[in-house]
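Both complexes below contain chain A, partnered by chain B and then by chain C.
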Partner chain A sequence: MSGENRIRAILTGLAAVAARPGEAAERLKREKGKPLVGVLPYYAPEEIVHAAGMLPVGVWGGTADASMAGHYFPPFACPLVKSTLDLALRGVYDGLAAMIVPALCESLTFFGQNFRAARPGIPFVPVVHPQNRRTPEGVAYLRAEYERVRDRLAEIAGREVTAADLDRAIGVFNDHRRAMRAFLEEAPRHPSLVSPRVRHAVAKSAYYMDKADHGALVGELTGLLKSLPEESGAGKRVVVTGIMAEPEGLLDLFEEVGLEISADDLAQESRAFRTDVPDGGDPLERLARRWSLVEGCSLAFDPGKERNRILLDLVRNSGARGLVVLMIQFCDPEEMDYPLYRKELDAAGVPVLHLEVEPRMSLEQARTRLQSFAEMI
Partner chain B sequence: MHTLGIDIGSASSKAVILGDNGEVAGQAVVPVGTGTTGPERALHEALRLAGIAPGDVARTVATGYGRVTWQGADRQVSEITCHARGVLHRMPEARTIIDIGGQDVKAIEVDPDRGFVRNFVMNDKCAAGTGRFLEVMARVLGLEVERLAEVSETSARTVSISSICTVFAESEVISHLSRGEPVPDVLAGIHQSVAKRVAGLVSRLGVRPPVVLTGGVAKNRGVVLALEKELRTEIRIAPSCQLTGALGAALIAREDLSKK
Partner chain C sequence: MSGNVTSKQLLDHYARKVYADAAAAKAVGKPVGWSTAIVPQEFFETMDLPLVYPENHSAVISARKRALGFLERAEGYGYHADVCGYMRVNFGYLLEGARGDDDVPPAPVPDFVVCCNNYCTMIVKWYENLAKELGVPLFMIDMPYNPEGAVDEARVRYIRAQFDRLVGRLEDLTGRPFDRERFRRVMEISRENARLWKRAFELVGHVPSPANGFDFYNYLTLMVFMRGRAETTEVLRLWIREMEGKIARGEGPFRDAAEKFRIMFDGIACWPQLAHTAKAFRSYGINITGSNYPDGWAVQYETGDLDGMARAYASIANNMSLEKAVEKRVEIIRQGRCDGAVYHMNRSCKVMDFTTYEAQRRVFAETGVPYITFDGDQADPRVFVAAQFDTRIQALVEMMEAREESER
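After this line comes the complex of A and B, so read on.
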């Protein structure tokens, strides 16, 4: 098989996983013979799940009508948690061994309470991250939280979770993050092979595969891409920021109007792979220290507002002509950050498009906005 | 060498044909939009007025809500770019353009140096402040849309409409009428409501005068006066205000040909 054919084969496989995550998760459970643990966004200690001999799968809602969740949430609730609760109420997650729910925003906090009441049959594992995350006390507190999570997952798995298990899992996840970063850096050089939808599928598929397997495939993919000459893309490069780039039809619009994604600052994509677990010492403390190293994320308290600089650097260093903000509806943390980085980008002369997104959005108005932005930049 | 710009909106279809020297050779507005016979009727009327056959059109650019599905274009361009292009052709002094269409409102900031779009905002998920809102209210008041401005001029005071949602605003208007409020006063409140919604949108962009209004609603003097009051600035009306998008599209088609 030629390099380009192999690239297409890998991308097709990953796209199939991303397009049908439920089926992919079932297949993962069957093939690996391990229990699955649902993991809601963001910064959950997935390494502990892995160390306990189980496999984490991402829980990022869906595009179905979230009518059943209306019993628990008002119409103006975050669509991500609302659709997740709806899927839970419909029994979609009943096969999971547990559900880990970080409480990094109010919506997730309320989700956790509602989920616990709505689906008592699925073991509920909350995680509360400290917002004073860079103090020794903050790290110690989070280590204690992770210790509780480890003990609970060990109980569910029916086995001990040792420091060696955790160290091995941390190695797998750090390797995977490195592989993803290398891919995301290489992808913009090959826009005809890695369209915005394909780029997203590579990142999303990571949540529904064994991290070691996914990392190996992505590593092979990146190596093959590097062997190809860089394309002189016909499109205009932009950086995207926000929580996630869905619905996927939205990304097809990027391609349709001639926009290429040169870099992203999405919670589901680059932000998830940006920060490694640091070396040295007790593995639970290493996991806790990772949270203290996170930069430029709306979910992590950041008095210095590093995100402003990070976004400006991403635009400048990736050769982008502008920034597209995919603002998921009713997302308080993202909306709080927006005026601050918008001000800095405006001052730097970087065009910004603010696009409100939700899982079941009409794409017609989005098309006009994206096309106008592409014509403008 | 003729070029055609066709603006297929949600409520109307507009066509402009430019002649050899870039002059308007034919133009037409048909009050039905995408998914109807409106685009073809506007096209045929513009061709008839220009005195040319379809084969005489060298290039066609489509814009508006129906631009993607209409089959007769060589290229499609967003209505934001086309309105800016059309307005700047007629009024190069424009710095902020407000287009109030059938189902959306757009505020466009124009780059004074390059003559292009620098920034824009659009309404989202809500028809308040659009032509459709006025159509619904006209029906409740038993008036033709074309008569709204004339009737509102006889208003003695403004009856405020507090609901934003078109459906709730309709109920509120009915309630005012049933209490005996005069139609012109309620209508003044409706115009004020549209102006407040549009002003709220424009303020997100920043108001840089001169401000130019385009779209069918620009023909309603009552809305224009209310908008001037809300924005605290003079509003200029683009010539042939319904046709600026189609004109911009025809100009872009002409530029495309000159590049070849």
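After this line comes the complex of A and C, so read on.
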């Protein structure tokens, strides 16, 4: 198989996983013969799941009608947790061995409580991160939270989770993050092979595959891409920021109007891969220290608002002409960051497009706005 | 103050004085802070650092029907209309130059800000933005949510360590040592005020209630601003004496009407429509005799016990599990001898809203007390629809009458 054909084959495989996460998760369970644990956003210690001999799968909601969730959430709740709860009520997650729910925003915190009430049969494993995350006491507290998560998962898996298991899992996840970062850096040089939709599919598929398998495929993919000459892209480069680049079809519009994604600051994509677990010592403490190292995320306490600078650097260093904000509806943390980074980007002369997104949004309106933005920059 | 002053007059006096004192402190170059509402104020009181509370400030502005201009100013700056109304009013106030007038208390621009997230998560973002925009230090006191309904030892240790760190930072800020003896006295006063606050609530539960409608939301100002001060003890004692007098005389809440129904009002008041909601309640003889909201300030611990203090502040009902939220409401309904419950689906307050539906089903299953929900906001006057509120209250009255009938 030629390099380019192999690239297409890998991308087609990953796109299929991203397009049908439910089926991919079923297949994963069958092929690996391991229990699956659902993991909600953000910064959950997935390594512990892996170390316990189970496999983490991402839970990021869906686009189906979320009417059943209205029994628990008012209309102005975050669509991600609302659609997730709806899927839970429809029994979609009943096959999971547990559900890990971080509490980094109000939507997730109370999703956890509602989920436990609605689906008491699925073990609920909450994890509450500290906000004073860079102090020794913050790290010690998070280590204790992770210890509780480890003990709970060990109980569910019916086996011990040793420090060696955790160290091995951390190695797998750090390798995977490195592979993802290398891919995301290489991708903008090949816009005809890696369109915005394909780029997203590579990242998203990571949530529904074994990280070791996914990392190996992405590593191979990046190697093959590097052997190809850099394309002189015809499109205009932009950076995207927000929680996630969905619903499906949204990214096709980028391609349609001639926008290429040079870098992202999405919680589901780069923010998840940006920070490694540091080296040295007790594995649970290393996992906790990863949270101290996270920078520029709306969910992580940041009185210096590093995100403003990070976004500006991303735009400048990736040769982008502007920033597209994919603002998921009713997302307080993202909505609260917006005015401040917007002010700094405006001052630096970087064009910004603010696009409100939700699962059942009108793509027509988004097309018009992206079109005029593409013409303007 | 002495003579025939009522607790209400005294309360108004102190509420006004708090802003005036902060402005005066600022004028002589003393650092003034802005703080979230249920912060461990004991540390700041001990260091004699005046605090102003933006949530109270926004509530006053909203009750005086001045919120809209500030809301629109903040929205023009980029704040989405979906986020907390108090926060938008606060940023609107800053963007308008932080000037007071007859309706808007003169909250001086702070030299530092203090955030404790024991009842709200998004407030961390609010205070991050204040710190960044004003270029002032932020004292973050993190109290993680308790999904299992108990504050575990790891949390207590974490919060305790933050207290120690805070003391050091306050010493650096002021250049003065932290006076442990004074701290003990402030703790003692705070403890006594929390006890009186709880006692006042027991009296509110008397039939007929000696307190009227949204009364206790007014006294709450003291608990927010001056929980560590003797003046608060003075007002609360007077209020309690007044209520005891009314109980002894057999007087109810209304001068011109009987207390026909007693309800639990869940959530923050709908400040922009306070007059409308209070009038509607009164027209049916409805009195509010319980609420989850003021309960948050009854922070109880033993003097000198910093672990207990950490645990008490971390145990605010909003910071606890759904089961605890239900338990608390059942207790409030029983103590207030409530015939019904009104849940304010407050557009601003996702913490209170996101488990309301399940909580109210469970509370109803436990108490059999009928309930309604209405849409409103603590600050934004554009959310509330009078016709919806009136119809729902009417429906509640019918349900309460039917229940009364069936129990006869």
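Assume the second predicted complex is superposed on the first by the 377 of 377 C-alpha atoms of A that agree within 3 Å, B and C clash if a C-alpha of one lies under 4 Å from a C-alpha of the other, contacts with A are read in each partner's own complex, and residues count from 1 in each chain.
What we mean here is this: contacts are C-beta pairs under 8 Å (C-beta built on N, C-alpha and C of every residue); 3 or more make two chains touch, one makes a residue touch a chain.
Just so we're clear, the structure is a prediction, and the values are computed from it rather than from any experiment.
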{"item": "Chain B versus chain C as contact partner of A:D302, first or second or both or neither", "value": "second"}
{"item": "Which superposed partner A:A163 touches (first chain B, second chain C, both, neither)", "value": "neither"}
{"item": "Partner chain(s) touched by A:A348 [first = chain B, second = chain C, both, neither]", "value": "neither"}
{"item": "First, second, both or neither for A:E364, with chain B first and chain C second", "value": "first"}
{"item": "Chain B versus chain C as contact partner of A:Y141, first or second or both or neither", "value": "second"}
{"item": "Winner by number of chain A residues touched, once chain B and chain C are compared", "value": "C"}
{"item": "Which of chain B and chain C A:L340 touches, first, second, both or neither", "value": "second"}
{"item": "Contacts of A:M376 with chain B and chain C, given as first, second, both or neither", "value": "first"}
{"item": "In the complex with chain A, residue positions of chain B that touch it", "value": "65, 68, 77-81, 104, 116-120, 122, 124-125"}
{"item": "Chain C to chain A touching residues, read off their complex", "value": "77-80, 82-84, 117, 120-122, 124-129, 131-133, 138, 140, 142, 144-148, 152, 154-155, 157-158, 161-162, 165, 321-322, 345, 347, 350-351, 353-358"}
{"item": "Contacting residues of chain A [partner chain B, same complex]", "value": "351, 356, 364-365, 367-369, 371-372, 375-376"}
{"item": "Complex contacts: residues of chain A adjacent to chain C", "value": "71-74, 76-77, 103, 105-107, 109-114, 116-117, 126, 128-132, 135-138, 140-141, 144-145, 298, 301-305, 327, 329-330, 332-333, 335-340, 342-343"}
